[in-house]
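Labels run A, B and C following the written order; every chain starts at residue 1.
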Amino acid sequence: MTSAPSSILNTSKLPALAGSLLERLRAERIRVHAITNAAAQTITANLLLAAGGIPSLTIAPEEVASFTSRSTSLLVNLGTLDSDRRAAIPQAIASALAHAKPWVLDPVFVEASPPRLEFARACLAGRPFVLRCNAGEFAALAGHVATPETVRAFAKAHGTVVALTGAVDLIADGERLLLVENGHPLMTRVTAMGCAATTLVAAFTALHGSALEAAATALLVIGVAGEIAARDAKGPGTFQPAFLDALFNLDSPTLIALGRAS
Amino acid sequence: MTSAPSSILNTSKLPALAGSLLERLRAERIRVHAITNAAAQTITANLLLAAGGIPSLTIAPEEVASFTSRSTSLLVNLGTLDSDRRAAIPQAIASALAHAKPWVLDPVFVEASPPRLEFARACLAGRPFVLRCNAGEFAALAGHVATPETVRAFAKAHGTVVALTGAVDLIADGERLLLVENGHPLMTRVTAMGCAATTLVAAFTALHGSALEAAATALLVIGVAGEIAARDAKGPGTFQPAFLDALFNLDSPTLIALGRAS
Amino acid sequence: MTSAPSSILNTSKLPALAGSLLERLRAERIRVHAITNAAAQTITANLLLAAGGIPSLTIAPEEVASFTSRSTSLLVNLGTLDSDRRAAIPQAIASALAHAKPWVLDPVFVEASPPRLEFARACLAGRPFVLRCNAGEFAALAGHVATPETVRAFAKAHGTVVALTGAVDLIADGERLLLVENGHPLMTRVTAMGCAATTLVAAFTALHGSALEAAATALLVIGVAGEIAARDAKGPGTFQPAFLDALFNLDSPTLIALGRAS
């Protein structure tokens, strides 16, 4: 795993960067340990396998440090916070920090439960490379609505990259702000698609020195695969296998042709 | 969420009612909090998303009350009764009762385990709007085999609606008894299809004052989607995505053309 | 459930044996209780349903003995070892031993976590009928790399059958060694395919007196279904439903035509 120094790429180069990171993920068989919610585990593993990486998923508190230390990155998703996950997550984050592994936080439904909000804030103190959230989750964490300015300010204050996903994805660190316009509405009709997509963010942060660009290119790859899958899908049922196939078959020329980032 | 008063519909009107409830589910983005078994979580969420609603799935005891109170209805499924679910279920039911949310009980495999039977009986005391079960589960709970008479008597004694699913679904409250004949054998070859179907029962009970008619129309929608999916499926593998597509695309004219209720 | 005495079949007869065991599984509706990892639960259940059996999946410590005693065999998979599974597995194994039910062990990722390795060794003392593992897991358990000789020696020392899966599957007891060459690389791109396949091993051990031949024929069935599924699949997404369809539709003539065992 070699990490390039943080780059400041012309945004027109992001689709090509996406292609090269995807090729490296496949060549290096990137391993992501994912502590994720019960509905996301299978699709998260299948998405990473389709992309060419190797997932592991255990949530046992006494095992997550070992699994994290032998992975290239860590994903922490708060979607179903049972007692094992509550105990395991701090240990996994500590292991990632101790071994200098990048890690990514996905605070699912943090707006729906006060204890989850408190738990998410404690996680944020561990400085995730990327915080992936939607507008409702951002508002709960930040205490105000998401705008380009508030997202950038939140990223700066917490020393992280915020990847705010929606019809257009907005990715910001304290300085720069990128937009990714790829994607398809059917992605919101398959449970845990966003959670699973965050695994690719985690994988790309291990491959590229700029977490901002890693997050943006990962979301671009997911969005392009979603657009390809939607061409033939008759609904959310056939969309999901088509999405995994599209990700499995995706190459740089297709990403360059279809990627829309600015 | 407006609930019509309990109605006594001519059964020939059930397919049209099914169509209008499905349209309202989509328009109102009905939220169901589902505490369901590990094998059912993904398909339950995907079924509700395909139908047009919004699922949540957390089983954390300290969170389920919040999630239940912001949902339109609650689904409790006993399929994998680990320690978190055992602790969470009473709190979720209490929250549903406190906030006057409809809730539905699915006592999976209750005939296979004495502690589960005892737990299910304690749940029943919370008067679910609908008890969805198969013949084996009913027999374990009731202490005798399911017949139209025993099902009606059980419903009356427990102040609930019994939705007994099988080749023909039998839905009864203490007074009336409805039959729904839609469905396809491939539905029994996909794990947790019945569990997932119960989510739609939970959603419809929030939209219609008669839990009897809500349950019958939800099962009719599921059965019609299953029949459409089976037309092109080559087995249980392709059946599942086809089912979600069919549910996503289902409309009132199709339900009226294909629905068989009496 | 009648078990033939241990047989010593000419390996050319293995595909025909596979077909007859699959037919018996369907006719007798074999029940497997699977304590398996979170990412494997759905596909494990769907694989067994597609094959014609009946799965149950509960991991609650107070329930697994009941579920095991009413099943025809037990599958124990160590993929996500949370506190409930740690407590449940010894009780399920004890129930299998007390009721003379065959049971199968799948020590997933045992090389990645010292506490898991210790737990797996304790399970092995309960003498599983079959230990299903890959080369990395075998090496961790045995303390040396897998070769035909070391696999045979390990099987003899532990009184079990080792089913070592890979590009070619190697199945050995203390005396004989079988090779199964069916399968397709796409099977490694779907999470938990190997875990799910082990359910069929568990089912076949209940139907045939030789655990060696039961394991080999189960893996042959899975491999042939994988080859059929790969013909039309465009990637790992469409591969999975195609695999379940192929298994659902598989018959003896196809197994005899495509099976490659020696």
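Simple rule for what comes next: a residue touches a chain if its C-beta (ideal position, glycine included) is under 8 Å from a C-beta of that chain, and two chains touch if they have at least 3 such contacts.
This one's a predicted model, so the numbers in the text were calculated from it and none came from an experiment.
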Rigid-body rotation angle, chain C and chain B, from Cα fit (steps of 5°): 120
Is it true that over half of the residue numbers where chain A touches chain B are used by both copies, so same, or is it different? different
Quick check: how many Å separate the C-alpha centres of chain A and chain B? 34
In chain B, the residues touching two or more other chains are 38, 42, 83, 240-241
Show me the residue ranges of chain B that touch chain C in the complex, using the header's touch definition. 37-39, 42-43, 79-83, 86, 109, 112-116, 188-192, 233-238, 240-241
Contacting residues of chain B [partner chain A, same complex]: 38, 41-42, 45-46, 49-50, 55-60, 62-63, 66-67, 70, 83-84, 240-249
